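Order of writing sets the labels: A, B, C, D, E and F. Residues in every chain begin at 1.
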């Protein structure tokens, strides 16, 4: 299995090992979806303060969701070798997790394009998580952003992917 | 200890629980530094492919560092309630970690301003990590971004902070 | 008539009442046009100063038009739940109105896409108006931006619209 | 009074009538505040749908506020001759007005800088209003943005201003 | 030959001589490529310092390439009347030229769109050149950016172009 | 003289030869000005078409000036290792040059900051030149951007600079 990985090429590096954008002009636009997730772990007291303070207006989570959605639209400006793409849907969900304690974040992005939207989904999760940190950092500087990863990907020639 | 946290207010929420930007106009500009870190975990084969392919030109790590530096300058555009600040230094270091296996990322940001640069350092780490993911995702979609947190913070009225 | 409105759903809110981007991935790209308008009202003396000072070079109106065109291209970065779209034409017209006194602004935007460009046209008008304000505010701080609205919309499944 | 206006110069036009940015390098930074307002008028049924649909989560108004705050930070990128400034506070308030019917929007921006923040406050109001339009346009395309103006301005050499 | 040029219209100016964006909504998307080039001339000692200092890590050239690629994606935000387009490939090459002495820069951009990508390629070259200047300006303020031009263009109704 | 250059270090490269942002936090803000220039060379017929078509409204040159001013404000987003700075004045002048034939562009930027504004002035010239190219490219694809360089720099510890 490692052999097959070694035989693949790092698609962003050309023959000379230099960074390059992958040429997608030979590809056909297809419907594509990517789902990414991550979590924000905090002290119990911080979690309870957010849950409590957040109840009447929902603004902490609402702000983080909006930040995630807007960041997904900035992905190609943030990640040097990403292609600028039209996006058809961006959804960010943030769920309290008393066990963690903290919040679970999941982002779904869809498009019809020549390349996938994994980076858009991962960027949405990352910036939603950073916004949660920002809004709670006066309470707790030890908040940690964890486990940002791709959950699934559909569409495109390379086939579907689903995390274990 | 929890009590003291509960007594603090979520500074981004006003009396009505609505999101707001903290007013820093009464504060004096002071020298401030924040250091954040995170890590990117991948399969052994992916790590070895990057280390190998990267050797001659350093472009994977170089590209991720540049992306992190540029993202730090976009922090106030990404995080809704962050203040736009002049920045005096942004440094991003990416170190291979064969044990992980993967890469350790650390960002240091300094400014002389009325408020701190924690979010700038955390944003630099996050976008550098996303860029690493982007450049290796053709090899390994299970790459995971982990442990993004504030290592230390100096300057400002609220005092210094150092993670355990 | 009110009943039919109540039966429609606020398309940006999901079942739980949370903000979301509308999923347009099932829609077919069609040619779409939106025309929006607005006006900037000012004191007679301010209007005369702009008309007079503007005559030789046209820079006040020219600058406002360019600002409106460029802002239309930023719409998806400004309006959280707007889709990023390719745009095929953006035109901004600014006409003096001695009766007002002030300026009438009209913007036309066209695309071939899965969703419409009303927000792009309204954003172009708004930022052109703000630029007029900015360039004349040294003369008159009481300038008022008024009557920003959609004049017409063609293309797309929801049918054409024309303001009364 | 008109005479005094005519004697002032359009500060954004140089001797040749060309657009230019005002040179503020000779000015001393002072604390400055600007407050701007505007309103969004809609059909009764639209207003009631937003009030009703909005109750549980507050996301329509919350999203518009965040959009206004983030847009204020983009002012110098939108308005060609605005100076890029650090901003110390941005607050956007949106209040239902059953008489209108619709919403009253007010934005307050403060800084310590060589020039004022009127445009930042006006931009925050404009983009919050556009976001309200965007989130309700599926219900009502006749929504109108009205009466965007400067309410007050303090700080700076040109003195304070308060609208009648 | 001048006559034929005079008979063409400046496509960005409408009948009234005002700036406008060309309407491309009647055009069919086709594969398009543009290649642009430019050069950065510097003192011999500066060139040698970059070549020497650059050898182990390649960061000066790597940083300039990344800056050029990212700038190409910002073209429609920088050039007022450019259309926002999806881009399929952006490649920037920087080659040392001991004769100059300095660096030759070449950028290739491809898309499938209604209009061409000449401006994207020229913008990539310009910003890569500016980045080289920035990274060497501590050594040599007399560095000069030269000969930025379109090398070739294929695709689109107006036919192919190749510089002499 | 070469020796002294060789002894200076490439300030953007750290000891390991990696790209980094220069730390300016130990520097005192001082008034700084930078002036940069460049030129756009075109066919005689193109020059005459612009001069003629431009006469009534001045929009080609006006648009290019505005683009240059707005680009200067984006410098830190375009050039990876530039510091984000407040800017106090940006002026772009474009002068017809029948001898060239074409246009001479000059940009002046001032600030009070810890570091200089050479890159802002050079970026303003570059983007104004690209905009001229864009607006005339339907007439003449052989237009060339030339001789972009720093004319002078004042303020800051490294002393003043004036091109020969």
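By our rule, contacts are C-beta pairs under 8 Å (C-beta built on N, C-alpha and C of every residue); 3 or more make two chains touch, one makes a residue touch a chain.
From a predicted model like this one, the values you see are computed outputs, not experimental measurements.
In summary, the chains found to touch both subunit A and subunit D are B, C.
The minimum number of touch steps separating subunit D from subunit E is 2. Considering the contact criterion stated above, the chains in touch with subunit C and with subunit E alike are A, F. The geometric centre of subunit A is 31 Å away from that of subunit E, both derived from CA atoms.
Centroids built from CA atoms put subunit B at 15 Å from subunit A.
Computed from the mean C-alpha positions, the centre of subunit B lies at a distance of 37 Å from the centre of subunit C. Contact with two or more other chains is made by residues 18-19, 57, 59, 62-63, 66-67, 70, 74, 77, 80-81, 85-86 of subunit C. In this structure, the chains touch in the following pairs: A-B, A-C, A-D, A-E, B-D, B-E, B-F, C-D, C-E, C-F, D-F, E-F. On the subunit D side of its complex with subunit F, the touching residues are 18-25, 76-77, 80-81, 83-86, 113-114. Taken together, the subunit D residues at the contact with subunit A in this complex read 57-59, 62-63, 66-67, 70.
Only residues 1-2, 5-6, 8-13, 16-19, 38, 43-46, 48-50, 53-57, 59-60, 62-63, 66-67, 70-71, 74, 77-82, 118-119, 122-123, 126-127, 129-131, 133-150, 153, 161, 163-164 of subunit F touch subunit E when the two sit together in their complex. Interface residues of subunit A, counted against subunit C in their complex, comprise 31, 62, 65-66, 69-70, 73-74, 84-91, 110-112.
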